[in-house]
Amino acid sequence: MNSFGSIFRVTIWGESHGECVGVSIDGVPAGIALSVEDFAEDLARRASGRRGTTPRREPDQPQIVSGVYEGRTTGAPLTVLFENTNTRSGDYSNLVRQPRPSHADRVAQCKFAGANDPRGGGHFSGRLTLGLVAAGVVAKRVLGGDVAFATRIAEIGGCTDESHFDEVIDAAMRDCDSVGGVVECRVEGAGVGLGEPFFDSIESKIAHLLFSVPAVKGVEFGAGFEVARRRGSENNDLIINAEGATATNNDGGVNGGITNGNPIVVRAAVKPTPSISRPQMTYDFERGEVAELQIKGRHDACIALRAAVVVEAAVAIALADLWLCNRSRH
Amino acid sequence: MNSFGSIFRVTIWGESHGECVGVSIDGVPAGIALSVEDFAEDLARRASGRRGTTPRREPDQPQIVSGVYEGRTTGAPLTVLFENTNTRSGDYSNLVRQPRPSHADRVAQCKFAGANDPRGGGHFSGRLTLGLVAAGVVAKRVLGGDVAFATRIAEIGGCTDESHFDEVIDAAMRDCDSVGGVVECRVEGAGVGLGEPFFDSIESKIAHLLFSVPAVKGVEFGAGFEVARRRGSENNDLIINAEGATATNNDGGVNGGITNGNPIVVRAAVKPTPSISRPQMTYDFERGEVAELQIKGRHDACIALRAAVVVEAAVAIALADLWLCNRSRH
Amino acid sequence: MNSFGSIFRVTIWGESHGECVGVSIDGVPAGIALSVEDFAEDLARRASGRRGTTPRREPDQPQIVSGVYEGRTTGAPLTVLFENTNTRSGDYSNLVRQPRPSHADRVAQCKFAGANDPRGGGHFSGRLTLGLVAAGVVAKRVLGGDVAFATRIAEIGGCTDESHFDEVIDAAMRDCDSVGGVVECRVEGAGVGLGEPFFDSIESKIAHLLFSVPAVKGVEFGAGFEVARRRGSENNDLIINAEGATATNNDGGVNGGITNGNPIVVRAAVKPTPSISRPQMTYDFERGEVAELQIKGRHDACIALRAAVVVEAAVAIALADLWLCNRSRH
Amino acid sequence: MNSFGSIFRVTIWGESHGECVGVSIDGVPAGIALSVEDFAEDLARRASGRRGTTPRREPDQPQIVSGVYEGRTTGAPLTVLFENTNTRSGDYSNLVRQPRPSHADRVAQCKFAGANDPRGGGHFSGRLTLGLVAAGVVAKRVLGGDVAFATRIAEIGGCTDESHFDEVIDAAMRDCDSVGGVVECRVEGAGVGLGEPFFDSIESKIAHLLFSVPAVKGVEFGAGFEVARRRGSENNDLIINAEGATATNNDGGVNGGITNGNPIVVRAAVKPTPSISRPQMTYDFERGEVAELQIKGRHDACIALRAAVVVEAAVAIALADLWLCNRSRH
């Protein structure tokens, strides 16, 4: 469904080429200072325009249409709209005829019996993450200034040296291709005790949100998949002081699904944008055979770049929900 | 919270050394043949006794106390209890004084202000997964015989060759140590269209459940983290026929969060059991300094072995919920 | 929270004098024909303008901003916005100083620590029911043409003879007063089997929604409170044929929380509008004493008139949710 | 579904003649003193044995099987089981052949395609309310000693004079009949601010639970249905002091769905037990015609007597959930 969260509940809607996309956030505590300007920084991080991102530029101007009064949250649902201004009419019948490989075109059509909005991916478009980013901004306000987020691109196309990322992307672009990456988000100051057994572990909630983000195919915490190659004696995080600080952080700040006070470390694997301008041989449902597909337009060569702030927003939303939930218990 | 699912809703409870652990499953369609014998196979897969698993053996005899009448599900909640028969009284004050590294001991104590049941991990014990396995059995019945699950250990301690797994485990045991692994679950026959945009993607639901399972630190679908090292032209799954079959399956059977008819492939990284009998230097909260901890008793050297059926159960539960949800739409 | 429903899930937001009020409806099956014109009739039933209703008139023009493509629902969230065009700026400090009796002014202020939007009742305004009415229209489409709703005013100011309703209202208006009423909604054709034990009885879901509607203070089904005056032999609905039709309908079409195929009959008691222009002696928090309050402006003399379609919408929403839920079981 | 509540979440299961009925309560704050003895008083209020109640007596001994350790709640799910000891095997095919009028027999059979457990009403039995009563006890502990509940029978068979209740019941029993009643619950000390706009008004949550209780056909707050006979000037509750106390309490302590600090007053109409020993003429599905039905066994002549504590429990559960929810906001 299009809502997530128990107390801090985020509801999103919209299609890529519809009137607008939006988000309504329920459960925001009253009295938090907030204005449209507060969304600017994170929206800019999500925006295209940098190397490796699509040239489609939209102002992405947020409109707060409910839940803020005289510069403060009211306690009622906080709703933010983004108009879709850069939508060009076009012929989308080709998506039905020859669905783009590794895109949602075909499953959307099957699931909704052909009634889905196919334009620009419709409701499956990455444009829907605008609402997530907006909700992430509010979530970070709810958590307060003591909780610090640091998000970075940890890997692009197999390269983990940030100084060579541009080269990797440029090479992919020269080949009319795209390239995948890994986003890492690190959170300090969230404290001990966030997460609810059994099913609402902090890892569960964060992963749930992250796997809603288009293109994410893997999520790991702390040492992540590396734990499968380790002994317990290597992997255990030994506690070193009365605050519970650990000598290592292989658990990524989480034990038994509950934050342990050490930094929360989460990584998301983002696949290469499936929309590439290189010709691809994929099934043509009209012709009834495999045929060449050439995707028009210009696309993100490395969507991981723009996904970073979305990953951060997802983490923030999950934390805010569990933080409010935990507060109800004391 | 201790419930999961929108329609097929699983609620679990219990502590490792309490009276019993249990599960109540809501939303089970009426009229499905089911008896206690049907749980035997999966419970046996979860049970200890094999090389690398703990010698603590419990009969794990399921009792169906509601929801089945004359051998068929009634449509009312189906509840299964497992008595805890092998609980030895003991002194658990040491867990408070010197919490086991990378265990939930300390976070449980902090979160619940010292009122948690510390015996054997209490509610954070892996014993709670008995309920998940039982629910998984029911979920597979709901999905029906056309949906086939194949679950295997893909990796242990960095070794991916199954024929050497025993050696890797034996080596760890000789060193009084434990070792991690990767479980892979592959599902065929789930069909096209399972998963609900935006937040209830099939990956989100599966990952949510998997990250509730103790020791899971990473989840990936299809090519998973490998996508970060790839170009789009390598990673895209080209459609090859009218049924939507793809030449490769890097997407793990999922596009836009919706099943595409190809096999669903998910992997979970399971960390090495943190309970090892090797001495560890970790904080002693009573003495106020780091001190040696020697964990008594015998433990699983490779919990991934027993986790395999739990991973399968989690996947089955998520699928059953989304399958029922999808059915409501048509 | 501002969402309701398990499968057909309605989320509303907005304030009386904010930018807009809106509703996003999740879980709408794809392929249902729908246009803005389809909302006109029910919105007109809710609109003011008739005798006994406020002269504040707003066009209440619905804008479908997501979820409909080429005249059909897409399966993605269906969002409808209503701009607030007739909001006059004013001084609302008086609501803080001297909250209107039997209004939400004071509780809103207490609950949200003074950060609530007080203008026109803010989020507590009856204007929020626009979203409910819109969702009701969609719900009725989901249920289809075989399910027939008949909603009427059963009582106004103690008078149950419809031919005298105008007189009762006129008398109240002459006295600068308001008057309460009872709305009755009757549904035929919903079939047997809607409602989910234990907590999601059809009565529970309908009542939950109805008691969200401002001014509703009582809800009853079938014979309702009259059952307390009866013997079982009088009250029992004897089954008369193989379809399960009953000779009487004291149960209002519901047994054990499940529809039995007979007409669903529900009544809601709507209190007299608390905003009356007669002077009232109520506490002045600034002066620290009881003082006369004269509420300015013109208000609904009988809000029950406009509430009728809202009650119908609430019943339709609950039914649609349970209908989809029931469909998932078969 | 068989769960209710956002934070304080109650899940129930069981059938009248199954192994046991039970309840698992999630979200209970840790550290609350609780033992099986604490359930005795409310269970006794629910038990049969008094005049007008069924002679079927069961010890109804609660077993706490999880969530309590060393006499205090642990923060993990608190589960209470009640064995069904007094279940006599019998022939229930008659319920299928000639369903009892105004009972759930037929709808259960239709909804679950004949797979339901028909014995003693199965999952639709009033015996399921044992779990509610147990949860109510815990809910009252969560709310603490400052919140006081007073619950009484306000009316039986049209008689509102408590001193004549026994006569009314005796008369019905002499006629092999049953009689309905009204239960009133009054809560003081709940404070200002409980209830969540828009859909989780305190009235919505309470009514949702009350309409889950078998035999409840009407719910009203404060003046309830009487408001429909009133003018605003009569019905408005004028505030008389700085604490928000009102001169009257027609709103039953609730404005805009939020508690206003005055006593919460709720009434539930409970229908006469449909199981009466007088012969009834109702449809025989085997014979294909209306035929006499004589219900055997002895039944409650006035179930309202035993329902009183169930109503109180429902109110307490809704309050506890909203109280914890409200706490998360501050």
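As written, the chains take the letters A, B, C and D, and residue 1 is the first residue of each chain.
In this text, contacts are C-beta pairs under 8 Å (C-beta built on N, C-alpha and C of every residue); 3 or more make two chains touch, one makes a residue touch a chain.
Bear in mind the structure is a predicted one, so any value in this text is a computation, not a measurement.
J.: Can you check which chain pair, A-C or C-D, has more C-beta pairs in contact?
T.: C-D
J.: Once you find the CA centre of subunit A and the CA centre of subunit C, what distance in Å lies between them?
T.: 37
J.: In whole angstrom, what separates the CA-based centres of subunit A and subunit D?
T.: Taking the mean C-alpha position of each chain, the two centres sit 44 Å apart.
J.: Could you give the separation in Å between the centres of subunit C and subunit D, each centre being the mean of its C-alpha atoms?
T.: Subunit C and subunit D have C-alpha centres separated by 25 Å.
J.: What are the residue numbers in subunit C that touch two or more other chains?
T.: Within subunit C, residues 1-3, 6, 12, 27, 30, 75-76, 111, 113, 123, 197, 329-330 contact more than one other chain.
J.: Which of line, ring, star, complete or other matches the graph of chains that touch?
T.: complete
J.: For the complex, which residues does subunit D have touching subunit A?
T.: By the definition above, subunit D touches subunit A via 6-7, 27, 29-30, 75-76, 197, 324-325, 327-330.
J.: Where on subunit C is subunit A touching in the complex?
T.: 1-3, 9, 11-15, 18-22, 24, 26-27, 30-31, 63-67, 69, 72-79, 111-117, 119, 122-123
J.: Please give the residue numbers of subunit D that touch subunit C in the complex, ascending.
T.: So the residues of subunit D touching subunit C come out as 1-4, 6, 12, 99, 101-104, 106-108, 110-111, 113, 121, 123-124, 128, 155-158, 172, 175, 177-182, 192-193, 195-201, 203-205, 207-212, 214, 216-242, 244, 246, 250-252, 255-260, 269-276, 278, 280-283, 285, 288, 290, 304, 326, 329-330.
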